[in-house]
Amino acid sequence: MFRYANPAVFMRLSGALLPWISGAAVILLAVGLWLGFHVPPDYQQGMTVTIMFVHVPAAIVAEAAYGAIAVASLFSLVWRHPLADTAARTAAPLGAVFTALGLVTGSLWGRPMWGAYWVWDARLTSFLLLLFLYLGYMALWNAIEDEARAARAAAILALVGAVNLPIIKFSVDWWNTLHQGESIVSGQIARVFLWPLAFMAFGYMALFASLWMVRIRTEIVNRRARSLMQRAG
Amino acid sequence: MSGPFLSLVLRDLRLASRSGGSAALALAFFALVATLVPLGVGANLNLLARIAGGVLWVGAVLAALLSLDRLYQGDFDDGSLDLIALSPLSLEQVAVAKLLAHWFSTGLPLTLLSPLLALLFGLPGPGTWALFVSLLIGTPAVSAVGAIGASLTLSLKRGGLILPLIILPLLAPAVIFGAGAVTAAVDHLSNGALGLLAAFAAAAVLLSPFAAAACVRLNLAG
Amino acid sequence: MISSLVAEKLTCVRGERRIFADLDFQVAAGEALVVEGANGAGKTSLLRLIAGFLTPASGGIVLNTDKGAIADGEERGRHIGWLGHHDAVKPQMDVGEQLEFFARLYGAGGDVKPVLERVGIARQRELPCRYLSAGQKKRLGLARLLMSGRGLWLLDEPFAALDTAGRALAADLMRAHCATGGMVIAATHDPLGLEARSLRLEAA
C-alpha cells in the first residue's frame, strides 16, 4: 500500500485512472438526471421531489468526504504516510462545497413543503454544523505557517471532529424531537426513486473522486515546481 | 505527584484571578450578555423565561471562550511551557492541571453567577436549579473541548479568531443538552438531558488531556 | 546522578531544512561543553533535541545515569535544567512567588531566600516581575536552575542581558555545578569563562 505513497507512483496511477473516473462521472450523472426527470410525480411533493436527486447524493458525499479526511488524518498521524496530508487538505474545500450544495438544495426542497427556506430540520441543522467543522478545519490549515505543523494540528482536529460528529448528530436529533420540528423526509423512499438516486449518488462520488485526484495531482506538481524554484539561483 | 500538580493548578488560578486575568472578565461578559438580550428582545418575562436556558447557556459558553486562547499560548510565548514540559509532570498531567484551573477560574464562577442572571430572565425555581446543575456539569466539557482548541492554536498570533470557529460546533451538544435540561425542568418533564450532558462532559474531560498533550508536543517541536 | 551524555549520528531536520547531520559528541559528568556556530547553524535546535522537545531525524542521544541509560526524550527531560532564550517570567507574579512555583513544580524543596541571595536579587523578592530589568530576569532564570536540582544544565545564550558582574556570576554557578558532578552544555557566542570543550556547528 505504501508504494502509492510515492508521489511519482500516484501521478502515474491517477493519470491512468482519471479519464475513466471522470468519464464514469459524466455518464452516471447524465443517466441519473434523465431518470430523475422521468419519474412519476410524487403524490405528496409533485415534481419538486426531483430536487432530492441533487440533494441526497450531495449530502452523502459531504459526509463521506469528512470520513475520508478523518481516515487520511489517521494515516498521517499514526503511519506518517506522506501523501495523507495532501489528501486530507485537498479534500476539505471539495467537501465544504458539497455540504453547501446540500444545504442550499435541502433548503430549496423544503420551501414548497414547509413554506419557509429554513425550519431547523434536524438533518439540515447537523449539516450546517458539518459545514462549520469543514470551515474550521480549513481555517486551521491556513492559519499555521509551518506546513508540517499545520498538517499534524489539522489531523488532530479532524479526528476530534470525527469522534464528535456522531455525538453532534445525535444531540441535534434529540433536540429536534424535543422541539417538535419538521422533518425533511421520513419513511421509505419509493422504489421507482431508487434507481435515479443510485445513479446520482455514484455519479457524485465519481465526480468527487476525479476532482480530488486532480487537486492532489496539482498539489504534487506545485510542490515540485516550488522545490525547483528554491534550488535555482 | 500531588506537589507539582497542585502547584501548577494554583499558579494558573492565581494568574487568572489577578488583573489581566480571566475570571473577572468572564463574569462581566456573562452578565453583559444577560443584559443585552432582554434589551434586544423586549422585557416580556414570559418570553424571557422561555429563552433563558438557551441564552444563558450560549452566554456561558462564549464567556468561557474568552480566556481560552491564552490557556497555553501565554506559557508558550514566554518560554514557561518549555520549563513545565521538563517538570516531573507528564504533558497529559499538565493538560489536566490546566483544565482544572480553567474550570475553577471560569466555569465554576459562571455557574455560581447563573442563578442571579436567571432572576433577570424570570426563570422559575425549578428552571434556575436545572440551569445551575447543567452548568455545573456542562462547563467542564466547555473547558475540556476549549483546551483542545487552545492547544491547537497556541502558536498562532491571532489564534483567538479561529478558536471559536473550531470549538463552537463541537460544543453544540453541550448547549443542546444543557438548555434542554432547563426546558424540561420548566415544563415539569424529564427528558434525560442532564444524563446526556453528564455523559458528554465525562467523555470530553477524559479525552481532552490526551488530545491537548499531543498538540503541545507538536508545538514544542515547532 | 548522571554520568554521561552520548550523541551518535545526530541529524536534525526542521521543516524542509536539514540543520545538521551525523553529529557525534560526548559529555561526561563534571564537564562543560560550549556549542558554537553562526546564527542558524542549529545551536538552539541541538539544545532542544537534547531536551527532548525535538526528535532527531536519525541518530540518537543517550543519557547515562546510575539508574540506567535513558534514550527517550521525555524521560531525559526529567534530568534537565533549562535556561532558554525566553525569560519564562510572569509579569503579574512576584519574584519570590515565581521561584517558589518552579521549585515546587520540580519537586524541589527548600527556601528561596538563599538562592535569591546567591544570584543577587534577594531585595527584589516582593517585587512583581514586570518591574525587573532584563538582567534581573536572567538572574531569576539562574536561580531557577539552582533550585531545579537537575543534573544536566542546558543554557541558550546564558550571557545575554547580563552585565560583567552577572556574567561572572553565571560562570561561577556553572563552575560550581560541574564541580559537584553536574553537566553544563551552553550555546553561546561569548567565551564561557570556565574550562570547557567546544563543539562547533557548521551550517549544513
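We just call them A, B and C in the order they show up, numbering each chain from 1.
In the analysis below, contacts are C-beta pairs under 8 Å (C-beta built on N, C-alpha and C of every residue); 3 or more make two chains touch, one makes a residue touch a chain.
These numbers were taken from a predicted model, which means no experiment stands behind them.
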Chain closest to the assembly centre - both centres taken as Cα means: B
Identity of the chain that, by mean CA position, is farthest from subunit A: C
Rounded Å distance between subunit A and subunit C, as computed from the means of their C-alpha atoms: 49
Interchain centroid distance [CA atoms averaged], subunit B/subunit C, Å: 36
Gap in Å, rounded to a whole number, between the CA centres of subunit B and subunit A: 31
Junction residues of subunit A, two or more chains touched: 146
Per-residue multi-chain contacts in subunit B, two or more chains: 221
Touch list for subunit C against partner subunit B, complex: 48, 51-55, 74, 77-78, 80, 82, 84-90, 92-93, 97, 101-102, 104-107, 144
Complex contacts: residues of subunit B adjacent to subunit C: 3-4, 6-8, 11, 14-15, 18-21, 77-80, 82-91, 220-221
Contacting residues of subunit C [partner subunit A, same complex]: 15
In the complex, subunit A residues that touch subunit B: 129, 132-133, 135-136, 139-140, 143-144, 146, 149, 152-153, 156-157, 160-161, 163-164, 167-168, 170-172, 174-175, 178
Residues on subunit B engaged by subunit A in the complex (per definition of touch): 148, 152-153, 155-156, 158-159, 162, 165-166, 168-170, 172-173, 176-177, 180, 183, 191, 196, 200, 203, 207, 211, 214-215, 218-219, 221-222
